[in-house]
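In the two complexes that follow, chain A is the common piece, with chain B as its partner first and chain C second.
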Partner chain A sequence: MSKKELGLAVLLVVIGGITAVLNPLFLSGVNLLNMANLIGLFGIFAIGQGLIIITGGIDLSVGSMFALLGVVLVDLLVNFELAWPLAVLAVIGLGLLLGLLHGLLVTRIRLQPFVVTLCGLLIYRGIARYYTEDSTSGFGYAGDIDTISWLASGRSFGIPHPFIILLIVAGIMAVVLHRTVFGRYLYAVGRNEEAARHSGIDTNKVITGAYLLGGALAGLSGVLLVFYTSSVSPSSFGNFYELYAIAAAVLGGCSLRGGEGSILGIVLGTVLLQILQNLVNILGIPSSLNFAVMGGVILLGVIADQQLGHRRQRIQLSRAQGGAAAPAE
Partner chain B sequence: MQRRTLLSAAPAALALGSLPRLARAQDKKSLAFIVNVSADFWTICKRGIEKANREHPEFAMEMIVPGQASAAEQRRIVDELLARRVAGIAISPINPANSTEMLNRVAAQSILFTSDSDAPNSNRMVYIGTDNVAAGREAGKQMKRALPQGGKAMLFVGTMDADNARERVQGIREELQGSEIGIVDIRTDESDIARAKRNVEDVLARYADINLLVGLWAYNTPQIYQAVKGAGREGKVKIVGFDEDGLTLRGVADGTIESTVVQQPYEFGYQSMIGMVKVLNNDRSFIPASKQIIIPTRIIDKSNVADFQKQMRDLLRGT
Partner chain C sequence: MAALLELQAIGKTYPGVRALDGVSLALGPGEILGLIGENGAGKSTLMKILGGVVPPSEGVLRIDGLARDRWDVAEATRAGIAFVHQELNLFDNLDVAANVLFGREPRRFGFLSVVDRRASHERVRPILARLGADFAPGTLLAELSIAQRQLVEIARALAAEARIIILDEPTSSLTLSETARLLTVLRELRAGGVGLIYITHRLGEILDVADRVVCLRDGRMVGALAREEISHAAMIRLMIGRELRALYTPPAGPPGPGGLQVEGLVTRAFPGRGLDLTIRPGEILGLAGLVGAGRTSLARALFGIDPVLAGEVRLDGKRLSIRWPGDAVAAGIYLVPEDRKKDGLVLDMPIAENITLASASHYAHAGLIDRAEENRAAEAQRASLRIKTPDCQVQAGTLSGGNQQKVVLGKWLSMAPKVILFDEPTRGIDVGAKGEIYALMRALSDRGVGILMISSDMEEVLGVSDRILVMHEGRISGGLERGAFSEQAVLRLAIGHEMERA
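Up next is the complex of A and B:
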């Protein structure tokens, strides 16, 4: 655990502790499991977002992708009555495809990721709304979706499945990012793409790979989110969710300039965001203050991190100077 | 539910498909119905508009859904319609109190009806829709029926800055005055469905003694239904809702939801369009002195839910 992650973990414990003192129900089993479920839902695509941010990119289209993938999934299951494994695969495949498209536009045509995915945000939302003629899609009149519904939103041994899926995804992605050559390349490309290319890394492939993973993880979370709400209104489903993912990644130590971040950090960032939303309800803070509380705590956290970072640097600097001065005597 | 096939969703088909429609629309007088946000509610309204159009094929009638549920987006749509010299506009204004100037501009250049949400300060010709305070009182009656001994209730809604939310709450409070039912709080979710569900889950986790949950907007009630089922608190926690989401009706049918107060959007669409056609034919006799045509709400409970479910399914499928 790096210092950044440790700091975040301390912040989590402090905020959790204060909330628990003010209302012990915060630590009740029901509440913790509800939160675990939401952490699972929001953590999976935050990891995808984090990988893209590490390469120095960004994905603003995630929320709109949920709307599009969501209505396609409901349509496949309810109206085309496709077997659920095929429907789920099709949706994750569509996520991959959109990721590939972003990756190619960024690497081959050399468009800026912000622009590419901003267009995605607009296009996918528009297609989702046109496709459904602006009506809400849902499982209200659906028949047999019990198996997939249980897999995506049920619980085993009391643990919500989205949380279990997040643990698996985080485990795999932690190995990919921190233990493989591809992972090293992701950081290298994020730090300095030019330098990475000159040292023989196929930067285009690496960046496209990050967008592919981001797309697939968005597809997976899309499926889980649809089963969480059981209905998708194409104009509002997933609105702003890309910002939750970006916030989680940044809180977790990813730099928007690229080249920094870790899976553990991103997951902890997601946990913090979910705790912040939960404590508003648990402490009975007016719902209208929800976003303000979230923004306030994130800002404080980032400022504290920055200040501590400066202090560490100063201490290291003075130590180094002290060390350099010593032999001269 | 009627929807386009996968193929025709392709952008190319989109462009081709909309060209002839636009060309036709220019020959005929056009009437537009501008809604506030996309919802099944408005799909049903659209069926009413379609019925009116079948009866009056000499008009081009359309329903327009803003991309964002914002007053600014509605203003943009209105400006474009006026530029196209539309003959009449029915609108569900998102922020009626502060849209008077825009609405009056419409009223000066074409026929203006309000629907679903009224703007009494504007020069609108007539309002056709629900009286939301009365709808709130109806919900209040259902709450008292669900909790004859009294108890604690929590309300859920998208945002409280919408007039229909405020009016429904006002109606509920009026009806509950002097009863033993207390409203603990109102939780908002800013139209984020996942947050709507988490709000319910958090309330169930925090208040062991909550007796009644009320969903004020169409998507709130199904999320309450699912969260209550997920927590295994069916029967112990009563639910009263608004509107006719598929899951809401399923909940009414299986007894988890006490009842739901439904509006009649089909009539909003149909009567608005027919009314505008009448005005264009110089017949204003249908407009009452109050300038409000109130379409009453209905209560759907276990006794009539089966019929209503079938009716809704047919309407949404467009048959």
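Up next is the complex of A and C:
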């Protein structure tokens, strides 16, 4: 665990502790499991977002992708009566495809990720609304969805499935990011794309790979979210979720300049965000202040991290120069 | 009459480098002073000091005979100093008048500060007429040629009522006729009492217009020539004529067969010109030339960074198709780039990860990197290259220039080099580390690696190479065998002059 993640964990414990003291219900089983469920739902696509941010990119289209994928999923299951494994695969595949499209537009046509995914945000939401004529679609009395519904929103040993899925995804992605050659290249490309290219790394492939993974994870999250709400209203489903993901990644130590961040950090960032949301509810703070509290904490966190980062850098520099340079204060 | 500008014993020290040492010169009104010197002789540092961009470490600067203590960009502008740079500082998206009057636009309507377009056009028109420009003040800059833009820069200087205009390689991208017209403009400015400092590598132009020549070498003023003394031979004598200090280590044996053969290679920088050369195994081939002669473009094309427009590249007789750096790396052709911080290293990654950056998959099993194995490989490079660091987990950015360069080298040496292209391998590296880099290059070449060394450092080119090629404006203007090495010969080829015109 790096110092950054340790700091975040400490912050989590402190905020959680204060909330628990102010309202003991915070630590009740019901509340914790409810939070775990939400952490699972949001954490999975935050990890995808984090991978993209590490390459120096961003994905603003996640929320709208949920609307589009959600509409498609319901349609496949209810109207086309597709077997659920196929429907789920189709939705994840569609997520992959959209990720591939983003990646190609960013690397081949050299468009800015912000612009590409901003257009995605507008286009996917628009298509979802047009396709359903802006009406909410639900499962109604559709038959064969009990299994998938249980898988996506049920519990085992009392633990909500989204949380378990997050743990599995985080475990796999931690290995991918921190142990594999691909992960190494992701960091290298995010920190200095030119140097990576000069080392014979196919930087376009690496970046596209990050968008692919982001798309697949968004597809998976989309499925879970649909069964969490059990219906999709295309104009609001997933609204702002891209911002939650970006916030979690940034809180977790990803720099929007790229090249920084870890899976553990992103997960901790998601946890912190959910605790903040929960805190607003449980402490009786007007829910209209929800966003303001979140924004305030993120801002403070980033400022603190920036200051500590400068300090760490000075210390490392003076150590590397054999302590010859002025010691960091 | 007092000199417009007078420098007395100006010195500039950067950490570890003496960039300027005791430079004195004076410029009078109605005079063109030619400033010459090789790359890195201190010309640009001197100009930065004149422009107030960097403060001198010592010395006195006088304007109209008055010593100036406070000297910054604003002061320099007020004193009437203007620059015309090699790379133009103009706004493509604005028209000529807006560019010429940028920062001092005529305004209307008080606090609204609306730009008075008509007044600005009226003000710019006579200036353009004086320069003999064939475009109107309302022309969009993007529509002008480079030569015309150069005139816009000069017009800008005139609009600021500059009395001292410093031109830094203004003709490097102009055609002959455009150059001739620019020189005419300069003569007219001189007649109007403006003092000009003219920096160029093109000695012919100095011969044409300069009233006096001052030459810098290694940060020192090594001589001045009066109008009647100016000649090619005299200028070249001033620019060079220092003892060679780099010691030549001869190769262990004659160069081997094969190597990298390049035929008719056309790069994007000079689309009209094909290049032929051979980098033989076991030999250090020096590639000399002025900045912008196309040497870096050649290296980038061979390494697959820039596209190859035409031509054939063969390694040991086998035809290569290099479409991106991965192709070059796979063939064993490696580039040690000119800008190691930008292209060579990921500064905030550990040394070990930098060393294995190009070969990470060699240290991986089933896609997972074996950190211990990676670290062993990095430690081996640290030991053999003598990289000064406590351990290989330190970020590369914390190392000194020489040690950073060794990390870039370590990245390639941990693989199987056949040909290594060094682009300015010792730029910004202190003398001791330079010697180590040279020794490493020689050791590599003795192992049968072909080495191309692009260098603007004359001492390095002459002291390290087994053979020299010289480039001039995108073509190879000549080659020299070890026995024929001389600064004069290299310099003459570099400025595009033939041997007999010494």
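In this section, the second predicted complex is superposed on the first by the 309 of 329 C-alpha atoms of A that agree within 3 Å, B and C clash if a C-alpha of one lies under 4 Å from a C-alpha of the other, contacts with A are read in each partner's own complex, and residues count from 1 in each chain.
Throughout what follows, a contact is a pair of C-beta atoms (placed from the backbone, for glycine too) under 8 Å apart; a residue touches a chain by one contact, two chains touch by 3 or more.
Predicted model only: the values in this text are computed from it and were never measured.
When both complexes are overlaid on chain A, chain B and chain C end up sitting side by side without clashing. Of the two partner chains placed by the overlay, only chain C lies in contact with A:I201; chain B stays clear of it. Judged by the touch definition given at the top, the superposed model places A:S2 against neither chain B nor chain C.
By the document's definition of touching, of the two partners only chain C reaches A:F182; chain B does not.
Once the two complexes are laid over each other on the shared chain, residue contacts for A:N192 go to chain C alone; chain B is not touched. Of the two partner chains placed by superposition, only chain B is touched by A:E133; chain C is not.
Within the superposed three-chain model, A:T147 lies out of touch with both chain B and chain C [touch as defined at top]. By the touch criterion defined above, A:Q112 lies against neither chain B nor chain C after alignment on the C-alpha atoms of chain A.
Of all C-alpha pairs spanning chain B and chain C in the superposed arrangement, the closest lie 31 Å apart. If you check the complex, the residues on chain A that touch chain B are 23, 25, 28, 30-31, 34, 38, 41, 75, 78-79, 125-127, 129-141, 225, 228-237, 239-240, 277-278, 281-282, 284, 287-288, 290-291.
Here chain C touches chain A in the complex through residues 303, 305, 324-326, 328-330, 335, 337, 342-349, 353, 357-358, 360-361, 364, 367-369, 389-390, 394-395, 398-399, 411, going by the rule given at the top.
Touching chain C in their complex are the following residues of chain A: 175, 179-182, 184-185, 187-188, 191-192, 194-202, 259, 316-317, 319-321. Listing the residues of chain B that touch chain A in their complex gives 1-4, 6, 9, 11, 14, 37-40, 42-43, 65, 67-69, 160, 185-199, 201-206, 218-219, 222-223, 226, 231, 245-250, 313, 316.
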